[in-house]
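Chains here go by letter, A, B, C and D, matching the order in which they are written, and residues are numbered from 1 within each.
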């Protein structure tokens, strides 16, 4: 036992001494000046009914997004990826390149661990191809590792790129790294945000609250009062998804609908299907299904079919297989989108910045919703099942082959 | 499946001349190392009955079995590998790759017959197993590493090939096996599960199965008895790979194309097998118990889900139960050996040579008897 | 300095030591001889604290000890060199020597001191071929043994027990060991030297104690005795042991297996013929190459030179499967790790061969197996009992049954009755003879001369990988011993005149 | 890294000696009798190769920035792998590291948000010790196979995390973030942390009795016991040491990420990756052979590979294929000498197969 104590003692001592050393002897610091605001939050998410409100919920932002959803965007109506919602333009002349040809564009990608990101990356590459002036386009893939993405960002900002596009893997944890990069070159953040406004522009669609609300309102409208709602979420703690749910929660709490279950599917269709099946046995019937993303929508639909029940009103996403099922099975459905065409915008933004043109501080993109009315427009036959319809890529060179379609 | 009468041993003790052995002890012996898992399964099924009286209505019970089918098949395959003293960490990757590849195949040949595609998958799975097996047996790479590498390779290759998302849709015909029902009530998955289960039992009763276990027990003794150790072990890997491919067909059928169809299956399968009282390091345990272990896991998941337990605690409970079950087994085992071993004859070989098992020195634990 | 008095020990009522006494002087080599099962190792284990005696006392330098585990004996200054070394292959000599007793300075292992001390110890025994930094796995077996000895010396032992130290050694290494032993005694150690090889015993020891059937027979000064006397003392037993009658001439049939000029790393120019109905015995000391011969015939460690025929057809098996197909069976010496899959049922073990190698089409049906097991007179709690829970004798019967199931033509037995109780022994002997009668060719390797003499129709004596002599049925133990213990010098090499033996 | 590179190899002659006689070195590499030398030469080879390829592609590989990046990427995995090698040396295994890291970052960040840095450090290390003890006691006490024991522990931790955290939590003060971002000259501070921890572990495994007993236990538990080694206790301590290293990794990641993330350890698959690195470093999975120096080599190889892939912006999926091949190939080479075992039967040296 003494042996153990000695060792532990030694290790601790060593560790402490080391840290002390670190704090004292550090000469240069890349660390940003002030510390990022806390994203602290904990607590179970699956209590009775809708559970307590997510710690991510911000009333102000919620209201803002719902307001934005009502706005009509500026810019070419046929190119939603170039549109912007009431932009506050910001000057970028400081980044203007003497000769904006031979641009090297760099992109630190969180990863391609889901089809949405894969389609998105294809969009971005295609967009880059459209611009001859971009001579080099470097993509570093962090494979979902925050630590690696931080290093990637450091590496890229040390590499002499002209502009850096970042799609953060985690909001809170990437903030310091992005702050670092801001000092060195123009940074364009998109998709997920970071907790700093040092980026020249932050490209993203209206956002999760609007997404969640659209879906929830649809159910409130279609499902009879007291109807049983099943909410399927991907996984806890993912901000973009948390917002979707918390908005939906607000809507459901106001309505007379009864949310009987809130379950996490890990994005695994098999698990989703099992959950729905179990829910059916447990609650006899389900009158509506709310989803925070489309990955498992089809599985849910099938669960009802396999149980020999009619598919109730269901919300999905603009994923090909869901749209297909929607049309074939003539579902009562809605597909709010978190459009993949937003992957095109950062490239456009970067070029504008390097040309010294004004860009919005926060480039808010519209967030169209697929409804029964416009379903036909978005459902392109021959596209792969995991394709995302709202890619804004139909008119791009290489379509549909490069996107895996026929 | 878990009925004692199906374990190989029962048949033997019946045929064998055990005049003194009372039926009770005979059944106990027949259940062999599986006793804890059968108890566990019984308890869980009972708990399910209490939680949800409707659970045992034919179709809801069948849907339970159908859901368990892939894991059961994986467990059966994993058992073959574990019982001869190896590991197969690549099964999860095979499932994922299988689903993705199937979709990709249909992308290129939309009207391929489902039997052809299924066959291709099974062969491919077997091939992956063959490679793992040969690397492990011939190159003497610990199977833990071999299959870990194989896992990386398969996942990487599948997605690299399909550019991350497969292009085709899985047609209804192909999905029948995982989704459809025979005569409108009996899910094909259940049939497949029964077939695979029976096949596994038959394999283990066959000469091959017996030599396989003997190899896991002591490959030196086996080799001196003329067993082609390398071949036997490799075949085990092949079967495991094929089983994983079959599981892929079921999973793909059940829930369609997904980029993460097989995530975590490798550990679930190993857990199931160990839960069934099979000793890591080989030589002990019955395939029926291993499959019962798979059912137990699935029952556990369902129960926790029905209980409304958040997915969170699910894994905690799983962890505790696994450790407890195995620990219990280990305890029984050592006690028993103390009582029964005649003096002079020490405990069996500490670390069977050729055991690629990471902690060979501890592997005498882990089996009740 | 060391005295053991009236030590008795029994396992499950079977008495293996009947108040044995023995004493040891500083600087003395005290040889302990006796046949297998005479109780040598048990006595040694008692001394080492691995067994606690039922009665009797151990006194070291006047203080009485009762050891309950090896650590205490070690602490008291008694070191044991087991036949199987407790060394770590991939660690250096120094690390092995001080394993568990590493010297430390300020909490850290003092390598320098460790290696210095090891070097010193090696120097003290004039061992030049080993440096403290060498990896044990890079040493020859003899050197590894030296490391074991140094390991004992490091915990400055007074008494060193060596159990068959020369068993794993080649002849030239034996000489080295002898030299080492002398140096150790020169340093005042008392050495308890257990060996079969009378040559060594007479080279090294000052006194010899003979044990037989767990009883102390005699202790004499080596100078006052002769190998023949010792052998007689070891052997002179009450001639109650029953062995089945030998083969009559007309029972010995055609040639089943021949070897001419067979050799490999361990064996040299082996010429051997096995006939149907005949039991051929192989005598020899441990390490003489008897086991290697059996394994060579069985293709496990195949001949690399020479010709071999099985059942008249030329075949030099390179894998056990070939041998098995040709009808050769080997009952190995190491039952636990080579003979049985211990955690499998009796039945599965019995069927293992026929399942692995399709010898005669289908393996036997359950009924036949049951018949087989009855035939070998197996006593078990049913065929589904695990082999590990059987007694040594019954385990051996299972092994035999396993081979009978394959219907062999040639049966090779390596120490068929090692660790087998008396009753089972007789059963196995009878069985072996029956099998011979049915026309099998049988080869028996045994360290127990009486068994060998009692069973064999012919006896080959092996030494240093050669067949050095052939003796007719009923050859005397002395003549065998003389041939076997002759070692490198062929002085005593001539076969002694056959005399009425123990059978 | 140089400090580590020049450290005597766990088994066989240290690199210095081999370089003395070239022939010997060549032989020892060909038979790869000494994996440590082997893996560092491999690291060198990969670096040179990468440099050639990248330069051919018009990139620049051996820049300071890149070197720093490579070192930086070694840290997290390095810390975990160093701990992992302790348990593997002892013949055990730890699959719970990934979740322990995640939990560690969360605990660290939250404690720092409320309490002070020191409290947080102590809290994390305490957590680590607790988990390590639990693992060790389950393995030795309950005789549960280490694979299952630590896998079970992983599940337990996972449940705990998912039940108590809904996402990134806590906040790491700037003062502590310096651990993740500061550089002394060109070298990141965290690299010194890795070197320090590795050095301590190297000292423990090579220079203390405990370390000797760890090798003994992993090499041949029976022989070790016969020689009076308390094997059970040794295994437990090894697990504790491993968890402590993991705790250090968690602290580093917390400093780097500025917050705790539930997927900090799992997304990066630290459990399997660390084992891969250890084995790549020539440590036998069965225990008793290898050591920290080799492990660092393995980590370095993986990091360099990653960097090369980055430079050539290789498809991330293809990376996995290469990694898989590399790992298997490496172990296959190490396994080769064992096919003609030099040690006689009397010696049951711990081997990887």
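Convention: contacts are C-beta pairs under 8 Å (C-beta built on N, C-alpha and C of every residue); 3 or more make two chains touch, one makes a residue touch a chain.
Every value quoted in this text rests on a predicted model; they were computed, and no experiment measured them.
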(request) State the pair with the higher C-beta contact count; candidates are C-D and B-D. (result) B-D
(request) Return the distance between the CA-based centres of chain C and chain D, expressed in whole Å. (result) 45
(request) Please compute the C-alpha centroid of chain B, do the same for chain D, then give the distance between them in whole Å. (result) 30
(message) Just the number, please: Cα centre separation of chain A and chain C in whole Å.
(response) 74
(message) I'd like the Å distance between the centres of chain A and chain B, where a centre is the mean of that chain's Cα atoms.
(response) 37
(request) Please set out, as single numbers or ranges, the residues of chain D touching at least two other chains. (result) 162-163, 222, 319, 348
(request) For chain B, write out the residues touching at least two other chains, lowest number first. (result) 164, 310-312
(message) Residues of chain A that contact two or more other chains, please.
(response) 44-45, 112
(message) What's the complete list of touching chain pairs for this entry?
(response) A-B, A-D, B-C, B-D, C-D
(request) Report the residues of chain C in contact with chain D in the complex, numbered from low to high. (result) 70-71, 74, 84-91, 95, 99-102, 104, 107-109, 111, 135-138, 141, 144, 151, 168
(request) Can you check the complex and tell me which residues of chain D touch chain A? (result) 65-66, 69, 72-73, 76, 109-110, 113, 117-118, 121-122, 125, 129, 162-175, 177-185, 189, 192-193, 196-197, 200, 204, 210, 233, 237, 240-241, 244, 248, 253, 256-259, 261-264, 267-268, 306, 310, 313, 316, 319
(request) Write out the stretch or stretches of chain A touching chain B in their complex. (result) 44-46, 112-115, 118-119, 261, 263-264, 266-270, 272-275, 277-278, 281-282, 295, 298-299, 302, 306-307, 321, 324, 384-387, 404-405
(message) Residue numbers of chain D touching chain B in their complex, please.
(response) 88, 91-93, 138-139, 142-149, 151-156, 158-163, 217-218, 221-222, 231, 272, 275-276, 279, 285-287, 315, 317-325, 327-328, 331-332, 335-336, 338-339, 348, 352-353
(message) Under the definition above, what is the set of chain B residues touching chain C in their complex?
(response) 9, 12-13, 15-18, 20-21, 29, 207-208, 210-211, 213-214, 217-218, 220-228, 283-284, 340-346, 348-349, 369
